[in-house]
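The same subunit A turns up in both complexes below, where it pairs with subunit B and then with subunit C.
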Partner chain A sequence: MIDIQRIKFGYKDNSPKVFEDFSLRLEQNNVYGLLGENGTGKSTLLYLLMGLLRPCEGQITVDGTNVSCRKRQTLQQMYIVPEEFDLPAMRFTEYVETYRPFYPAFSDDVLHRCVEEFKLPQDVKLNTLSMGNKKKALMSFALATNVHYLFMDEPTNGLDVPSKKQFRKVIATTMTEKRTLIIATHQLHDVESLLDHVLILQGSQLLLNASVTELCKKYTFDIRSNDALTDDVLYSERTPQGNATLSFRQPDDEETPLNLELLFNAAHKISLTANFPD
Partner chain B sequence: MNTISNILQLWRFYWRTEKKTYLRIFLICFAIYIVKTAVFDFILMRISSEAYTYSHTALFYQMYSIGTLVLMSYLFDTVHHKQRAISYLSLPASNLEKFLSRFIMGVVGVPILLNVALFAGSIVVTLVLGTMDSLAGNPTSWMRIFDYYSHHPDMAATYDLFGAMPFNRFLTILFWRNMMVLAFFSFFIWFGTAFRRAGWVYAIIVIFVLLALFILVLEIMGILYDPVPRSLRNIWGYGAPLLSILFTYLAYRSFCRAQIVTHKFVTL
Partner chain C sequence: MIYQNERAIYVKIADRVCDDILSGKYQEDERVPSVRELAAEYEVNTNTVLRTFDILQRDEIIYQKRGIGVFVSSGARHKIRIARKQEFRKHELPEFLRRLRLLGLTIDDVVKAWEETQDSKG
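And now, the complex of A and B:
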């Protein structure tokens, strides 16, 4: 379990803090979607979770250990796929041989599955690959490490449409019971079907922290005509198909799939958490 | 025991990911030695024997020492580059293991690498000059291969070993000398780790300022031109190991506090 306890963090002493008295608890066996507008601290939060940044106040613990200490046992259970990264001038097989000794739970089986699914070229130097293929290579390795906490920063940036589908398939098939995956992204549609939990950041605080089950139990996401925009609609926006609406789910209503973009926009316009019916 | 095997694992990792850098350092050092020999020991000596003086070689080894210290300051340069720092700091090994593995690599591995490069340069120079001497019908001095050793400051004490110096005294001198070298190494490693850019420049500035203050104090005390008193030598003798420990600790602390922020001027 990841426990963020009242942290305060800013890049510069005099500038506004990215996080101020920020607390959050992340349970195992969940796929978290970390959403937010530019500059709200999604990447910063992932770096803080990895112990790559240190909060000015408060602390972050992973399974009871303070991540700022960067202990071997803690790092063995964590992996980050950053948005931008460099890969060394070596073949993928060499890369795996170099880095795998640091991850005791490394799985060749998972690696082969990912490599096959992504159709990753293995006899090419990694630094010569396209950004999309570099990302696939790093994600394949990250998933094969079998760490308990996997953080991905904009994982679908640079991936083409078929690759995004492959990405979803790979994530869905490699998720294990002990794993927690946190995906920070702007590409809401790319990850919508994967998420168990939604976190929306705004202005150094959490705007929304709710499970997808909870959201789908409480809200209905549907398309309505202008005539059907009744009082129960909390938020709506026009789309070519009609009005995409978010409304309280009535007892007789069928459960609808989560519309993450609509939820994201709604959360910024209305106070969704406050509107949760008891 | 676990830490030792983890450090070995990290060394294997460094070798796999950084061997081109080590090769580059080796080749640069090797090339510098060849150029130095060609210019000072060969061309200048043949143009004018007066131009060839021991001071050239001494200057070379002074530059070599400064170069080694500059290299030390780049030992933890990885933590000052965001993408490389993410990869390195998130690698599953403790701060202590990462620090020790690099520190040992720096204070032991780098001098070995540089000495091997100089010795390799010495062999090449000997072979080339020896062949030229043979062709010219001159007697070949194959012992030239050890010229490198005879001028190398690290080897000065070794030469004394074969002289009249008692073995105990030789060991003592060697120990204190290495402690002094370690103090300088750890000082530059600390500055290189703490400062985001060009830590070695700040280290040199601080050394010059401290030296100037020291000279000023001696001048004020009126003992600047007197022989260094034994008590002062003793203070330095005990001070060097203590300074080594202090600077190494400060470097370790800076490394532990390193974050992936690129705008911070210094991490103390």
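And now, the complex of A and C:
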């Protein structure tokens, strides 16, 4: 479990703080969607979780150990796929042989499944690959490390249309009960179906922290005509199909699938947070 | 009016599994794909598929054999057909009849179309 306890963090002493009195718990066997407008601290939070950045106040513990200590037993259970990165001038197999010793739970089976699903080119040096293929290579390695804490920053940026589908398949099949997966992204449609839990950051705080199951129990997402915009509607947007609507779900109504984009926009306009005591 | 009221993803996947049981893709007392395999097929997280299995098990469409996998219950096809007929009578048929009246069509038009399609099949 990751426990973020009342952290404060800013890049410079006199600049506005990215996080202030910020607390959050992240549980295993969950895929978290980390959302937020530009500059709300999504990547910063991932770096803090990895121990790459250190909070000025408060602390972050992973399975009870402070990540700022960068202990071996913590680091061998964590991996981050950043949004942008360079890879060295070596073939994928060399890369794997070089870096796998850091990860005791490394799985050849997962590696093969990923390489096959992504149709990763094997015989070229990694630094000559396109951005999309670099992403697929690093993601394959990341998943194969079998770490308990896996963080991905904008994983679908640079991926072509079929690769996004492959990405979802790979994530779905390699997820384990021990794993906490955090996906920071703006590409809501790419990840919508994968998420167990939604986190939205805004202004050094959490705007929303709720499981998809809770959200779908509590709210109905549907498309309505103007005359059906009744009192139970909390938020709506005009679309060519009609008004995309978020409303309180009535107890007898069937559940509807989460509309993540609508939820995201609604959360910035009205308070949904208050409904979810943690 | 509410134009579009989609069903929850885990319910939709349950429908697809039922389709595959009806079509004979999964035979009674044979194994259905694992949680992981279905999660990959529909690109959803495994917890969603677990909810699908929960409702299918509740409706006795599938059953678990511990450590072996998930199997289609005997009589599952019959149960699905009954449930779907009820569903049709409750939701689709009233809507169909409403549309007939709205468009000024009669039941004779339906009977005629029914017979024509029967002929073309035979």
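Heads up, the rule we're going with is that the second predicted complex is superposed on the first by the 274 of 278 C-alpha atoms of A that agree within 3 Å, B and C clash if a C-alpha of one lies under 4 Å from a C-alpha of the other, contacts with A are read in each partner's own complex, and residues count from 1 in each chain.
Note that contacts are C-beta pairs under 8 Å (C-beta built on N, C-alpha and C of every residue); 3 or more make two chains touch, one makes a residue touch a chain.
All of these numbers come straight from a predicted model, not from anything done at the bench.
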item	value
Partner chain in contact with A:84 - subunit B first, subunit C second, else both or neither	first
Touched partner set for A:229, first subunit B, second subunit C, both or neither	neither
First, second, both or neither for A:102, with subunit B first and subunit C second	first
Subunit B versus subunit C as contact partner of A:172, first or second or both or neither	second
Subunit B versus subunit C as contact partner of A:193, first or second or both or neither	second
Partner chain(s) touched by A:206 [first = subunit B, second = subunit C, both, neither]	neither
Which of subunit B and subunit C A:94 touches, first, second, both or neither	first
Residues of subunit A that lie at the interface with subunit B and also at the interface with subunit C	none
Complex interface listing, subunit A residues touching subunit C	29, 31, 165, 168-169, 171-173, 175, 193-196, 213, 216, 220-225, 227-228, 241-242, 254-257
Subunit A-facing residues of subunit C, complex	1-9, 11-12, 36-37, 39-40, 42-48, 51
Parts of subunit B lying in touch with subunit A, wherever the complex brings them together	6, 9, 12-13, 16-17, 20, 83-87, 89-95, 97, 256-257, 259-261, 263
In the complex with subunit B, residue positions of subunit A that touch it	11-12, 47, 50-54, 69-72, 75-76, 78-80, 82, 84-86, 88-90, 94, 97-99, 101-103
